[in-house]
Amino acid sequence: AADLAVRIGPAPAGESYLRIDRVVDAARTAGADAVHPGYGFLAERADFARAVEDAGITFVGPRWQAIAALGDKLAARRGAVQAGVPVVPGTFEPALVERPDQVEAVLDAARVIGFPLMVKAAAGGGGRGMRRVNTPEELPAALVAGSREAAATFGDGSVYLEREVRPARHVEVQLLGDNEGHLVALGERDCSIQRRHQKLVEESPAPGLTRDQRVKLHEMAVRAAAAAGLTNAATAEFLLDPAGSFWFLEVNARLQVEHGVTELVTGLDLVREQFLIAAGAPLSEAVVAAAALAADPSRHAIEIRLSAEDPANVFAPAPGRIGRWWMPAGPGIRVDTALEAGERIPPDYDPLIAKLMVDAADRATAIARLRRALDEVEITGIQTTLPFDRALVRNPRFLAGDVSTDWVAEEWDGQAERARAIELAVVVAAMAATASPGAPNRAPVGPGVPGTTGSAEPAGTPKPARTGWARAARQDAVDRWPS
Amino acid sequence: AADLAVRIGPAPAGESYLRIDRVVDAARTAGADAVHPGYGFLAERADFARAVEDAGITFVGPRWQAIAALGDKLAARRGAVQAGVPVVPGTFEPALVERPDQVEAVLDAARVIGFPLMVKAAAGGGGRGMRRVNTPEELPAALVAGSREAAATFGDGSVYLEREVRPARHVEVQLLGDNEGHLVALGERDCSIQRRHQKLVEESPAPGLTRDQRVKLHEMAVRAAAAAGLTNAATAEFLLDPAGSFWFLEVNARLQVEHGVTELVTGLDLVREQFLIAAGAPLSEAVVAAAALAADPSRHAIEIRLSAEDPANVFAPAPGRIGRWWMPAGPGIRVDTALEAGERIPPDYDPLIAKLMVDAADRATAIARLRRALDEVEITGIQTTLPFDRALVRNPRFLAGDVSTDWVAEEWDGQAERARAIELAVVVAAMAATASPGAPNRAPVGPGVPGTTGSAEPAGTPKPARTGWARAARQDAVDRWPS
Amino acid sequence: MAELTAGDDPIGPLPGVVDNTADPIQAGSVRVRVRESMGIDLGPWTVDPEGHPDVRVRQLDEARAVIDAAWTTDLGAIPVVLGNVEPASRSGARRREVVVGGWRILLDVEPEASARLRDRARRGRGDVAHTGPLEVRAIIPGRVVAVSVAEGDLVEAGQQLLVVEAMKMQNELRSPRAGTVERIAVGVGQTVDLAALLLVLR
Amino acid sequence: MAELTAGDDPIGPLPGVVDNTADPIQAGSVRVRVRESMGIDLGPWTVDPEGHPDVRVRQLDEARAVIDAAWTTDLGAIPVVLGNVEPASRSGARRREVVVGGWRILLDVEPEASARLRDRARRGRGDVAHTGPLEVRAIIPGRVVAVSVAEGDLVEAGQQLLVVEAMKMQNELRSPRAGTVERIAVGVGQTVDLAALLLVLR
């Protein structure tokens, strides 16, 4: 892929990345043996997988029949129930939105589920077509609005009802299956920290689960996916309620953005395993070994999705051109990105700009490492989610593993945080405006050692090492001192 | 350490980093509870460790008595023999260099060892005081010259004789011990690729060893170090001869530059474990578990020492100022460095500028990943060892695991490699001189797809993905094409 | 540290920042204005760079610093990146980008003494800026998916003007003040660049 | 691709590089000289940028390219970084840094046509460069640990002149040509910067 670039259309995804015909044509023209669909755009579209196979090219992902079966959320719910997996209480057939004579039947079903409840699209996720309904009176309008949005987004207006599990944690299980019927779970990820039903942070293992909970969760995930004949890579999503019960949500029949945290915990290269499976190999020894340890994870990994968004303004996209760009590195740090200084972030696609991952022997160490790594990130030119991430890794509830999908709403006050930063920026800008070059503003020297930079922290306050800053501080002290 | 910088003297190490009094003073003034000596300068100096402890500060490393015992290479050889560990055949007491009446006795000993043999310094390593002796006639002069160099370098002119094991591989074992007498091996590293008796590349596990060899090697390493009362972190070095036998060389009573490859294979943070041990803790569960798996490694890691050296000119140091600086990142890549664009590499210290590490499930995958990562490194302004590394990871002998300490002499012709690069640079510079901005020289479009960049590789040649270049290539195709 | 109220400060008093009506000014004082999106400013404040013992800034190199500020320690020592500096429009100020703990803040900075000279000159002419037309410009590049007002409409502060879609998300643009829609410069479906004129309020 | 011998080429014939005595020159031809350490040059060669079908260069952006060259494929596709460009001294050439597969090469590049004009002018004056004094300068910063010759000594090409220690390693500096040591500018123990004058040969 790196050695050949093929134009598939103009920037808007609808005219390029979402055009099945153009992508398949490009693969055919390039003489590709296989197509890996990534984790966006067409990755979970059964008709794309089918078109690739029809062109005689191997699709590196689940079989198109399984993608189709799991893409119909109602069919997936029915399959899970038949496999004995508890699903979020709700309906199993599309609500008859266009039939006034059926309103009472829908309302009856809704009363059984209980309010508040969710209207959800049968054909897809990502919050599209989803409506929260607080009272029976709101239901008819919510059904119509949700159905219209679903029709516009997915080309299918089917919607159904689901109980609102709240507060809830979003916990998902990584699955890998070969073509010989072996399907295994490779541990779970907690992805509760979300905005707009989209993930901001993911970690593995999910904090606070018992071994029994893990075993049960993994086993449910395998059952739900096996029922749909799943092969290759997929993720089964569950809600975890405060009582400790898991409720099946859906199976995403593709690699996920956050697959890297599972790679760090298991030591696997999931994309490589996908290719091996697509080439007809059985699950590798390494996968089987990792699956055997899935309920006894010995590492902890966390991923931050660094996005070009304004966390003081409902995480609104903030495209632009990057000025400075410096990412952390070193032990236990993995950064997946394609960007560098000077590059433009176009408004046409998802605002994700880098995935910053850390791993360590335990969660506390991983968070300490992440805290240090976040303070080494240097980006100018665009607003990013970095301030949110810095606050998160210092938040007592997050440190205690007390997360939920309401975390952002309950814990994050972006405007207040930004206001505090403005106060500091005003002072810093004034200082920078008057400081002459070569005479930087410096705090009074600490312990009275010539050539020593001071720290304003009281002695004994442990602070994580920051390599980039440490180097600069060292240089400041050494280079500027007359020898 | 990152929050406070203390000046200990001017740039020359002899007036700063090697001044025990100044470093201890700095630690005392800063109110340090503990000192980690790193892996250079004073890290392996018993008198430094003792001075730190005398100041009431914890030394994060072996006890000074163990450092002293292992720093005397002859004492270490005697200890190993007593512990039943085979040492390189040679003498066990200092050669009486200044006694003309003892020349015959030394020659007799040398004839028993056999020629060629090595004269080595009892007080240190790094090739200082070392002389190769081909015939009995050369021995007296070599003893005098080696002794003088040893005296000048280490303040101790004691030298001894050792058989030259050649061809040989350099294989070393990572050790970790607590203060309760537990000492374990955490796998071995092959560091055979060297120039000037200094390592260029390290990998773990050592390729081609059987499980029995590993078990035996690790056990010998523990015995040799335990004999000296070793605690905390150290490395036992061995030579591996073509018959498959290991010969004890010495124990380095400190962390090594290349400790990262062991961290990648074991999942441990060795520096953290050093601190825990120094704080009085027993070996952690993770260390004990890693030690139990040491003979059955399930990952492979390789480290490239990227240095500011000219590999066409006997790897001579090439200090200077860095222009562009871009390091690879992503899955399985770890880069330890303190540098960035625009920084000066001073001539005062070791020319190491970055440690580029990769890990993967097996050696072939690790090398493929390293090959891709090396092609993503972009450094201008200074000459580095990068051309050597690029050639290494494509060399059939290296790919086959056929390494030895003679590898560089036998396989690397830096001047010829550079001459080929000059031929290409001349053509590229001419092209760049005539290309107008916005009209880059581009190869004819490959498969005839509009907007497609061509690859000159024949179809079917597998090439590793290169993310940075891929991105640039994509941008080239997408941005430049009229929409 | 004394807390003094700043001029027209929408984010509350700034600790240690001196009210810009105070006289006489400190030598070296600086006038700072924060440029927000939609042409909205915060401030100005008159800041004495020497007058902030609580805001301890360790400068690391020409582009980096760390703030060790006691009243913000729940977020740890805060990394600062000093970004771009360029002339600000229509004044002697310089526009500076400061990234504080990841927050990207754009500020116009100029010596207080020269700012006051300009103030006096402007008072002489009469300042009409606040009653003149206000150009509403795109704060992100994207596609206009809705225009919620018509030319001639009276709008209130906070009223939705139009919706721009970017990066899979819809962004409502609201009116920064009350006024009349004088002109609408874009239509639904149109792609707009950053800072493109969307409409004019009077 | 025809292999033609280059002028005073110490590294063997360059494939596809045209002898600089060839006439008439191709339009767009470029004269390239490789600047090595110690003031030694390789070349010059006259290169027709269009005349190298075997050297396939894919330029990725203004600073990066990849060479897919059939005769070098045992090292794979070779990454190229185009580094600094600055005026070269004493000519109309520009000095360019090119990093090919990690090898940092400095080259002086100028249009062949203007180079020939200068050649003719110089021939008119008589070129004395090759018999004049040669300044030997430090190719790395470091400390002089040995001076192996004295002023007035006759030296041969390749003879050791002095030893500079840098980064724990001793570097011998050898004479680039035969001559007489006219002046020695440094002493043992002295620290020298990059390009500092060490001695002068005549």
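When the chains are written out, they are named A, B, C and D in that same order, and each has its own residue count from 1.
Please note the rule applied: contacts are C-beta pairs under 8 Å (C-beta built on N, C-alpha and C of every residue); 3 or more make two chains touch, one makes a residue touch a chain.
Keep in mind it's a predicted model, so treat the numbers as computed, not measured.
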Distance between chain centroids, defined by C-alpha means - chain A, chain B (Å): 38
Rounded Å distance, chain A centre to chain C centre (Cα mean): 33
Approximate Å spacing (C-alpha centroids) for the pair chain C, chain D: 54
Multi-partner residues of chain D (each touching 2 or more other chains): 77
In chain B, residues with contacts to at least two other chains: 3, 453-455, 457, 463, 469, 473, 476
Graph class of chain-chain contacts, one of line, ring, star, complete, other: line
Full enumeration of touching chain pairs: A-B, A-C, B-D
For the chain A and chain C complex, residues of the former touching the latter: 196, 308, 312, 316-320, 323-324, 347-351, 371, 374-391, 394, 417-435, 437, 440-443, 453-457, 463, 469, 472-473, 475-476
Complex contact set, residues of chain B against chain A: 1-7, 10-11, 26, 29-31, 260, 263, 267-269, 272, 286, 289, 298-299, 326-327, 329-338, 340, 360-361, 365, 446-455, 457, 459, 463-471, 473-474, 476-478, 481, 483
Residue ranges of chain C touching chain A (in the complex, touch as defined): 11-12, 14-17, 28, 30, 32, 34, 42-43, 45, 47-49, 52, 55-70, 72, 74-84, 94, 96-105, 107, 109-111, 140-142, 166-169, 171, 194
